[in-house]
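Read from first to last, the chains carry the letters A, B, C, D, E, F, G and H; within each, the first residue is number 1.
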Amino acid sequence: MEYKEDFCNLGFANIDIDRKVRRGYSEVIYSPGKSKVQLKRIARELIRNKQDLLFTRLDRDNFNYLKKSFSKLKYNALAKIGYLVKKSRVRKTSLVAVISAGTSDIPVAEEAVVTLELMGNRVVKLYDVGVAGVHRLMNNIDVIKKAKVIVVVAGMEGALASIVSGLVSCPVIAVPTSCGYGANFGGLSALLTMLNCCSAGVAVVNIDNGFGAGYFASLINR
Amino acid sequence: MEYKEDFCNLGFANIDIDRKVRRGYSEVIYSPGKSKVQLKRIARELIRNKQDLLFTRLDRDNFNYLKKSFSKLKYNALAKIGYLVKKSRVRKTSLVAVISAGTSDIPVAEEAVVTLELMGNRVVKLYDVGVAGVHRLMNNIDVIKKAKVIVVVAGMEGALASIVSGLVSCPVIAVPTSCGYGANFGGLSALLTMLNCCSAGVAVVNIDNGFGAGYFASLINR
Amino acid sequence: MEYKEDFCNLGFANIDIDRKVRRGYSEVIYSPGKSKVQLKRIARELIRNKQDLLFTRLDRDNFNYLKKSFSKLKYNALAKIGYLVKKSRVRKTSLVAVISAGTSDIPVAEEAVVTLELMGNRVVKLYDVGVAGVHRLMNNIDVIKKAKVIVVVAGMEGALASIVSGLVSCPVIAVPTSCGYGANFGGLSALLTMLNCCSAGVAVVNIDNGFGAGYFASLINR
Amino acid sequence: MEYKEDFCNLGFANIDIDRKVRRGYSEVIYSPGKSKVQLKRIARELIRNKQDLLFTRLDRDNFNYLKKSFSKLKYNALAKIGYLVKKSRVRKTSLVAVISAGTSDIPVAEEAVVTLELMGNRVVKLYDVGVAGVHRLMNNIDVIKKAKVIVVVAGMEGALASIVSGLVSCPVIAVPTSCGYGANFGGLSALLTMLNCCSAGVAVVNIDNGFGAGYFASLINR
Amino acid sequence: MEYKEDFCNLGFANIDIDRKVRRGYSEVIYSPGKSKVQLKRIARELIRNKQDLLFTRLDRDNFNYLKKSFSKLKYNALAKIGYLVKKSRVRKTSLVAVISAGTSDIPVAEEAVVTLELMGNRVVKLYDVGVAGVHRLMNNIDVIKKAKVIVVVAGMEGALASIVSGLVSCPVIAVPTSCGYGANFGGLSALLTMLNCCSAGVAVVNIDNGFGAGYFASLINR
Amino acid sequence: MEYKEDFCNLGFANIDIDRKVRRGYSEVIYSPGKSKVQLKRIARELIRNKQDLLFTRLDRDNFNYLKKSFSKLKYNALAKIGYLVKKSRVRKTSLVAVISAGTSDIPVAEEAVVTLELMGNRVVKLYDVGVAGVHRLMNNIDVIKKAKVIVVVAGMEGALASIVSGLVSCPVIAVPTSCGYGANFGGLSALLTMLNCCSAGVAVVNIDNGFGAGYFASLINR
Amino acid sequence: MEYKEDFCNLGFANIDIDRKVRRGYSEVIYSPGKSKVQLKRIARELIRNKQDLLFTRLDRDNFNYLKKSFSKLKYNALAKIGYLVKKSRVRKTSLVAVISAGTSDIPVAEEAVVTLELMGNRVVKLYDVGVAGVHRLMNNIDVIKKAKVIVVVAGMEGALASIVSGLVSCPVIAVPTSCGYGANFGGLSALLTMLNCCSAGVAVVNIDNGFGAGYFASLINR
Amino acid sequence: MEYKEDFCNLGFANIDIDRKVRRGYSEVIYSPGKSKVQLKRIARELIRNKQDLLFTRLDRDNFNYLKKSFSKLKYNALAKIGYLVKKSRVRKTSLVAVISAGTSDIPVAEEAVVTLELMGNRVVKLYDVGVAGVHRLMNNIDVIKKAKVIVVVAGMEGALASIVSGLVSCPVIAVPTSCGYGANFGGLSALLTMLNCCSAGVAVVNIDNGFGAGYFASLINR
């Protein structure tokens, strides 16, 4: 087996140009811990190699800085995603549902939604339908059952993933969030709940990782 | 304020004879870590002082030993409770529901049930109605709504307490169990789930503590 | 079984209008993580549906913002609760005691007190009676014994719940607080103490969850 | 919305007969914590309702007991799965790869494989290709790239999921195992590794949960 | 500064002969993890150097083996201590109190008592006076107040150390025990309780370390 | 037994006036979580009852505020202790040594030193003698051996307590500090080290609890 | 870059034949979790490819089984290592010291020693020289200073690695062991101590991983 | 054995002048927790004793302060190291490779690099070659194989150390970083991954401890 040298070494970063071919999607840039200049040089290199731009967890301040150099860069403030997708993808016909337990979980849910939409998926959103009033979920059961994949975003006790999974036949991707306080321990409670889900058909991503859930859902929805 | 000397010092144990007056129920004996002889001497002292006997987590072997000395002692093998209640209490008219998520949670649920019944409560049981098939719970909603207090027993992700609490107006006592494996960490996952319950009206007892839940429910149901 | 559509979908929130009927009390709004505009829109929707308003963990800044739109909204700064209860409830005749171990635990205790009072309970407060000087508690034993339910709020080692429960025959709701330092690990020490209480008759809510304890106590005190 | 009463109440268990319609597959029985008699009664009820049988984590001893009543029941000793699938399913044409890091991870991997095969999937196995000798993986890259879904099973440091995901464009389901010692803390190390995977396209199930991974992979592979 | 070679190298062990001079007491042997032969050779070497013998956590089986070679070796089965103290020490006149919360904590308490007595202290024991019935403690307050040092042994929530310390002016040494279940996590709950004690005058030793508490109390009681 | 009402109820605080008699030292005020006004009212009440003032963890800002009302209040900025001790105590003749591992541990060590001195002890300080250069400790062995009690303050790996204890015959009180980073986890590493000390004669107080160590040492040094 | 197919696929194991060339030493077999037959087939394959045999954590029972097929296989019972090294290596001239804190740590230390010797190193052993009597270490300082690499094996508080490192100029490899009890939490205390070592020049391997330490030391000692 | 008094007591610090002779390198100063004045006095003392200066984790603000007194002091802002090395060391001929998984890990990697260079090592850097695109690593395999020691710096899942170690025959020092979010728990995930490395030849230093890794690598590279 042979490796081609399909990456660009910037010293502080090795842009993985081969990724679009190998993995089906351009390298996505996780922004925290990178300086403004590093972000700009990475963006320039990706564009030079005809890649899409997708920056996750991008502060507005950093977005404004990048915007000066890349005027077509767009920003979703709720999801904290900066993006520049050169040509619009063909919409997939099947549906992905993104469901959040509470209002506080929405930023993480939106990160999943924007990721899904940029990767060409049709998305339906269902927010604040947590288990304290489960009829809010039940009344939307028809919409939920139409989805080919479901992303469930929940903090606190994270019980929503189990409930949703028990109602449907499609795979459910659970995203624990750090919303809550006390014995929630930064999202640990929701994470453990989701990993111990007694309903088969649930898999879990990292705490607050809306991007990862959206990306994974998009891989399924092909 | 003055203290009376209402306890019997056996050297290894101080039997709290005053407890029935002070707290409304005789001292309950937690059996693990006590030798056969210690259990027998405690039992004798309680009887001598006209107290009820209630041994929790009593092995059958220890029960058989005690049975020789106290022929009227009874045993519930599932709940691992040995008891000798001298006169039958007047049944309370209001209802306590004990609900378990799975079949494996039944021993803990039974510990709550037996405790409740020995303390004079009417109990209705609803087992194996966990969130993987929530319609099993929904179909029993009328029974559940009649309860004045509810005990919910669940391991794994422990989501059942949140669901039940969201459907009723009475207090829910949640008992996490150590049923499960992997990232359940001996009941920690269900414990954290229940503590982080987003539905108000839930309080939690120690992992596998069916006795404590039954006792607490009985205090409410007066 | 059928579900009615008793909720209002605001997109970011599904107001649970049915809750007052189903659970006996209007939906309570947990304020952190919600924007000013979201809080206002939720308040408006609740009022439009003739519900009470109760915002927990509401910053003064957010309260001031809401006050402009809802001039009758009141604020308890210590408990961080904003509320607008349309007609005064009939006071329940039985008593709830709220006991705190230290002065630093008072904000959490006050959250319980305000919640209890808004739900129509008579409350007696007993603050700074922790175990370092247990005679402060003992001298109030007569007051404590009159309560139908007791809420005990304690940080650091959280031993007060055990002591109180050992003296009374009513249910004790224990609230661990995050007060302390070092090996208190954000309230974990008090939480574990209370869960492992050797005195039956204690149930526990989440760390710093004064609201949950007050709500639960009110459910019992009917 | 209405619920039908499609479940059989055995007292200790509520068999979810509706599950095949609702979720696409019969209820799967998790065997630990259930008595021989309970297992038999559940099996009888499932068969009476024309469901498939699938018992996970079934000891040989329990299998032998069940075999007496259900002579067609089969057993995979490595995966600890007992099953009785009435008619053979049509094989799906697309491929699922199950990859294990070490020899000790094989029982968990086999649980995934048997689950996948019983649900009608074509499976290719690749065992003992962990990162200590990554060329063993690289030499099989062509097989791996043909898979529509990949299950990666790894204990110790659990790094294999990241590597595999970085090489392919399909979703990867990661199963941490409890194989290892010391600071592996019962599978925690592999679990955290997989949750923190820097390569998008990985979702995680509970420690040692081969069944859950196989089930989830099968849902994707439709 | 110069070091003398006051130790005996047995290959697998370096007997610290200098310890009696340097630290005031012979080296104490922690028995687990040592073979019968190793224990015997260590014992022989200590005796040859005119040291006392004190083996902690010694199984009866190992004691019986040692007894054959050292006929004067004595054994306290409850404390699991084997000892051979050549001449009786002069009793110290001041008193050490050893207090246990429950009957199950007695083995750890006895380890402290035997250690204290072998080191020449007068000891008073007070067992099963935990906080579930605090009057059992209060009635012994006169005895407690006479002590110059107090050892408090408690599992579960470990609240007894705080109570005792709040009543006295002498130092309190707290020993958490692993007695309990569920969220006691092997003694962690009692350990954290004791470390977070809000009453000054408490110091803590390792979980179940009755020997360490007795030794430390003896150092104080000089 | 009878309780006198020797405490002053300020509503938010119950000043324990009896403490000086009962426990040998006035109530010490832990300042965090108390408002300026609360601190002042507590101080006034203590003075009115002829008690000493000792405020731990007092910010300079709060000290300046109190200073306006109590002009004789003094402040040790390193130890963050405010105090007003009415008449100088007779110095005890025996010596307490306070030893710190590193320069960063000095604030905690100073908290112990100031506490000890205010309680009338003679103190010798030995700072920055950690195990990375153990000869710095060895060269002071003569001073160390003169102490009747030793307080050892150490962060990071906390090994100093074991070393010191192995060299002396007096009790050693170990104070873990939160100094360090990474896997020190806020002082957990030093705490566990000290609890697991293989040298008998060590007891431990809470992380960063210099006051508690000084107080405990003073109780011994009588 | 190209990969050769230097491994043997046995289905359950891929023997990494290339490892001797690539990494300088044959693949070492970790025995737990492998069946007798698997161990034998792996051994046969390694021998067929002219590799050395080294089985770690091999039970005597498994050794006896393998011995029947491979009569030249040798066994070190203390280290639980089975080995068959075809030709004796040239002894390296520089020295490795293996130091253990206590007698109970010897099995882990021996695993390091045997690994080192099989890889051709000269080893000096120094056992039971823990910090409770640091002069036992100091008296051997000349031997220690001659070593080119040092392996320190310690459980409980694990302080020995810091002490040793502070005395020498060569690299120290620290092996935490699970020896101890209570708050040692299976070796966690020693692990954290060693990771937080304030003396530069220490690196750590997994709990009880004597083999890993020996292997790493041998890589340095070339 | 005798100790010389080769240290300078500044009261708050004991400068270990003997260290250069004993351990081969001057005492390195960990800056956090030390005041500006303390840092300056330590620097003056080291210079007066003809030692090198090396301050780790030095803020630019503190550097600027020191620069006024020590005009030759230099600063590496990325590594946060201030240094003043009096005469240039002879470069060692063998090579150390420092490899980082991501761009965010570079500050920790640079701390290792600067430490290595100041200690006279030849260093090659390879940044952002994490496992999400393993070909970036593979293409540099020739450089990697030339190294005598390798430092691998990685956060998130920390899998890079295992991969690199599996490819080479030299020792690998793994540095977990706190880069990541959610279930990374401040670097715990990478730490556990590296400790559980299934590839022999890896040892681990504390989270974010680039200095410690560089120092350890330099000790090997002699």
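Here are some notes:
One rule holds in what follows: a residue touches a chain if its C-beta (ideal position, glycine included) is under 8 Å from a C-beta of that chain, and two chains touch if they have at least 3 such contacts.
The shown structure was predicted, so the numbers you read here are calculated from the model rather than taken from an experiment.
Taking the options B-C, F-H or D-H in turn, the interface that duplicates A-D in more than half of its contact pairs by residue number is B-C.
Should one ask which of E-F and D-G has more C-beta pairs in contact, the pair is E-F.
For the pair chain G and chain H, the distance between mean C-alpha positions equals 26 Å.
We define each chain's centre as the mean of its Cα atoms; on that basis chain A and chain F are separated by 50 Å.
Mean C-alpha positions place chain A and chain B at a centre distance of 44 Å. Touching of two or more other chains is recorded for residues 1, 3, 102, 132-133, 138-139, 166-167, 182-185, 188, 191, 195-197, 200, 206-207 of chain F. Note for the complex: chain G touches chain H at residues 1, 22-25, 28, 138-139, 141, 166-171, 173, 191, 195-197, 200-207, 211-213, 215-216, 219-220. Remark: chain G residues 3-7, 11-14, 16, 18-19, 27, 30, 32-34, 38, 176, 178, 186-188, 191, 206-209 touch chain D in the complex. In the complex of the two chains, the chain E residues touching chain B come out as 102-104, 106, 127-129, 132-133, 135-136, 138-139, 179, 181-185. Residue ranges of chain E in contact with chain C, taken from their complex: 101-102, 130-134, 156-159, 162-163, 165-167, 180, 182-185, 188-190, 192-200.
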